[in-house]
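Here it is, the structure in full.
So that you can tell them apart, the chains are marked A, B, C and D in the order they are listed, and the count of residues begins at 1 in each.
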Amino acid sequence: MTARIGVVTFPGSLDDRDAQRAVRLAGAEPVALWHRDKDLHQVDAVVLPGGFSYGDYLRCGAISRFSPVMDTIIEQAKAGLPVLGICNGFQVLTESHLLPGAMLRNESLHFVCRDQKLRVENAATAWTTDYTVGQEISVPLKNGEGRFTADARTIDELEAEGRVAFRYLDVNPNGSINDIAGITNAAGNVVGLMPHPEHAVEPLVGTGRTDGLGFFTSILKQLVSS
Amino acid sequence: MTLDTVKHATETPDAEQPWAALGLKADEYARIREILGRRPTGAELAMYSVMWSEHCSYKSSKVHLKQFGDKKPETDALLVGIGENAGVVDVGQGYAVTFKIESHNHPSYVEPYQGAATGIGGIVRDILAMGARPVAVMDPLRFGAPDHPDTRRVLPGIVAGIGGYGNCLGLPNIGGEVVFDPCYQGNPLVNALCVGVMKHEDIHLAQAFGAGNKVILYGARTGGDGIGGASILASETFDATKPSKRPAVQVGDPFQEKLLIECTLEVFRERLVSGIQDFGAAGLSCATSELASAGSGGMRVELDDVPLRDNTLSPEEILMSESQERMCAIVEPANVDRFLEICEKWDVIATVIGEVTDGERLEIFWRGEQIVDVPPRTVAHDGPVLNRPFARPSWQDELQADAPTAERLKRPAGGDELRTAVLQLVGSPNQADKSWITSQYDRFVLGNTVLATPEDSGMIRVDEESNLGVAIATDGNGRFAKLDPYTGAQLALAEAYRNVAATGAKPLAVSDCLNFGSPEDPDVMWQFAEATRGLADACLTLGTPVTGGNVSLYNQTGAVAIHPTPVVAVLGVIDDVNRRTPMAFAEEGQLVYLLGDTADELGGSAWTQVAHDHLGGLPPRLDLERERLLAEILISGSRDGMIDAAHDLSDGGLIQALTESCLRGGKGARLVVPEGLDPFVFLFSESAGRAIVSVPRSEELRFTEMCGVRGLPATRIGVVDGDSIEIQGQFTLPLAELHEAHTGVIEALIG
Amino acid sequence: MARVVVDVMLKPEILDPQGQAVQRALPRLGFAGIADVRQGKRFELELEGPVDDAALARIREAAETFLANTVIEDFTVRVEEEK
Amino acid sequence: MARVVVDVMLKPEILDPQGQAVQRALPRLGFAGIADVRQGKRFELELEGPVDDAALARIREAAETFLANTVIEDFTVRVEEEK
């Protein structure tokens, strides 16, 4: 039996099927979760996918955060359920206060879609064990409000505790503080990042690289071995 | 105000009606009275006026568009042809693909962001209405002069609108065009293309059959936006300096449209829909009359049941409102509950507003009174047809005589001058890198993008198991079309066709957006007639049928029309997307071949525009058989692994294509000017039917033999090497210097 | 320094998807009794000089030509009292 | 119906690129003398019932938990007088 990884669909989720594909390519079983359903259907981990849930109206992730499925996810994440938030999913995680900080409009004020280089800073989270610290990977990035911010104390804390999981390399595409691309909670089960690893899992499509597959193989290994 | 009911209209035959203000001509008004046997009610008058406008009825263009059907090539690929929301093409393995290109020019000038955004929204609903899942969009754009202050208002707004809507909707933007020319200053062109994929059995049509079946309106609530927009925006130029005359603008809600897509695909999947139509121009009156007209029987609609955003709207306004993100489905009574349930699941408002009747009339009621009673065909399909006069413009000969010969326009001579001319060309706004624009679009979403901007065509994987894919390119060259609209339209087709083949896909079908000035000007009408004739002839020769498209007229400011701008989209199929050919020269040591013949053809070329701001002479000659042969070679080369990269030659000629391929691959090239060719002509001529390819040395013999046997000239012009472009005996240009000239240009002007 | 506030709202007849999304969410979050929500923009401008009629006229012009898109938006300009 | 306005602004210590972009553009457009610009959101809520203390308390709660993200934003709630 392989691991079951849920992918939540909110109204306006866009990369949900891509996340399911990535889960499948990694060898796990994707399970579609519906925002109105509190039940997580015994999944072993959850991906909150990218997109424009509720149109990103009000603030990105602000409305989704109050959906029934999030009530359960918030509760179980606090108890250790692995959760990965990608882009809009990351925004949902900060709005839910499962991760600290908040996202602002990109410094350029434009949506930006690019092939983005990242450095892995923490290879000990549930979603990053297949990477090594310092490893450089390239995955697509696409967002209009991806500028991570938090107060100075929170940033110091994140840095001190090694909770910055990914940092932008070469170009900081949105003005994010300390080039932060992704972070983790203290327990390492909840990870959020702006770039899209699920778009870098096949040599044929997207950027033609598979650097993003490691997220999904990492979690699979951890779930199968535990 | 008393309600203008059918009864009231019958009793007051002599009441004054504002038919002229609504854009109707006296004879058209007379014909409406004749059809109805009485004066129309206010609601009926509004319906006819919009549905008989140029925009909805194609009254000036119809007689010319007919050729696309009359000269249709033999093909079994076409599953649904012209006349539906979009044509449908068989791409094999049980899959069908539907695609269409449409304009949203005037609204985008008035309100760039919302105009462009709702342009994307509208074309996506057309594709959805065919039963397909929309999988990608493209956006051919034309702007005024790059340094004009108004371009700084129009361009960022349009780009943000296309991105804002398309990104939020989750459709990858896989290509398009960006062209600057002062002729588009007051008339930017915003064309939008959408492509969708379905299985053959999923095709849906806009037809209402079966008395008793329910008419369900679903999607956004109806508000006061865009009322009269169709007739006012599309039938007349307007004066943007008088804000009070600005028509109501429609605002798009891409989130609502995303829900509409998922909800519609789910009701399709459960086979709950027997007919479907999207809401476009003229809103409810258009959708209901088209559904009823294309089906059998009549339709009865209760306007009171339409969910409103603004309850002060009059029944006429409800009928004409162009509120976005709405659809209309015909559903058997037994399926209605399930249909509504699925809508509820997706938070989509859905309401039964009427039913199909066994009568022959479209009947609309408001507060219990009948306000519309018309034969639907007369509204939707039997609109006026005009045979507008056209004549070759008096200035055409003079324009064509003004050829850019070496005597009249000074050409660069010697290495230094050529080098300068190259930098000037690749750094000109039309030839420069467009990533400031395209990086604002999501090209990765849905995870099936094989190729996207700036590749020759966008390519989407259709099936994840078999790797079947489709490729689309859009092209148009208003300068060529101005010099010779017949050849210009054919060149647009040839270029798109070549682009599709360059990526390894086999061209199958065409959609077109015909952007022209006022049809009331015989010069413009001649351009239109010539362009359609040229396009139809070329489609016949190339075996690619026109599956549908759109006409945008009245693109002019005062008496000055835009360049005639037929934009042509070609769709191709590739059996295995693993075999796609990218444009990047990435392998050191590979051989660079130039396919096709190069002649001294610079009329309308990018060089004449950049170096001399000149437009005159004749466009390049076109040999359609040669185009077909070139395409076959490019496709075989890709399929059999003989070429690693290919790039078609068009605007800017060989040096432009070479620069793009080298910069994309990060590799330089050393080239030799072929024997007998003038270096300037070699680098800058825009002769049609050409491409450059990079060939692995191990494949050289096989490749050249194939070209030799098939009779395609293939000239070895150099090798991929180093980090400069070197034209031997002429000049050397480091890639860094080319990159510097080629990038950052749009930002510097607009950003 | 004096503060002038420019409020920019979509015209009433124009669809406001953002406001609608908020309105639809409120009851789900337990906030009932709200009939309509419109979302607009608020600009706070800190003036270097005094807020006299000339300054206000200039700000009104900036709002008309730049801060608001008067094709779809209305605006109001007002001086904010010191708190 | 009564109208309550909720203004949401980024906290002063948070960088506001939108406001900055406006501020940088103003002099280019000929509007000088503006020392700072901040851009925020304005929500207009139409209440079905009366605007009593209970209603205002509920709206304040909605602002706190939903309309504003208090990690980065401040808000004010006020009743708008009839015009």
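Miscellaneous remarks
The rule we apply is simple: a residue touches a chain if its C-beta (ideal position, glycine included) is under 8 Å from a C-beta of that chain, and two chains touch if they have at least 3 such contacts.
Listed by chain with UniProt protein names: A = Phosphoribosylformylglycinamidine synthase subunit PurQ; B = Phosphoribosylformylglycinamidine synthase subunit PurL; C, D = Phosphoribosylformylglycinamidine synthase subunit PurS.
Because the structure is a prediction, the values reported are computed rather than measured.
Among the remaining chains, those touching chain A and also chain D are C. Across B-C and A-C, it is B-C that has more C-beta pairs touching. The distance from the centre of chain B to the centre of chain D, each centre being the mean of the chain's C-alpha atoms, comes to 41 Å.
Annotation: 34 Å between the Cα-based centres of chain A and chain C. With centres taken as mean Cα positions, chain D sits 8 Å from chain C. In chain D, the residues that reach two or more other chains under the touch definition are 66-67.
The multi-chain contact residues of chain B, meaning those touching 2 or more other chains, are 253, 255-256, 347. Residues of chain A in contact with two or more other chains: 54-55, 57-58, 66. Chains touching one another form the pairs A-B, A-C, A-D, B-C, C-D. Taken in their complex, chain A has these residues touching chain C: 54-55, 57-58, 63, 66. By the touch criterion given at the top, residues 110-111, 114, 220, 223-225, 243, 246, 248-251, 253, 255-256, 309-310, 323-324, 347 of chain B touch chain C in their complex.
On the side of chain A, the complex with chain B involves touching residues 11-12, 14-15, 17-18, 21, 50-52, 54-57, 110-114, 140, 142, 144, 196, 198-199, 202, 204-207. By the touch rule above, chain C contacts chain A in their complex via residues 17-18, 21-22, 25, 28-29, 39. On the side of chain D, the complex with chain C involves touching residues 1, 7-9, 19, 22, 25-26, 29, 31, 33-49, 55, 58-59, 61-62, 65-67.
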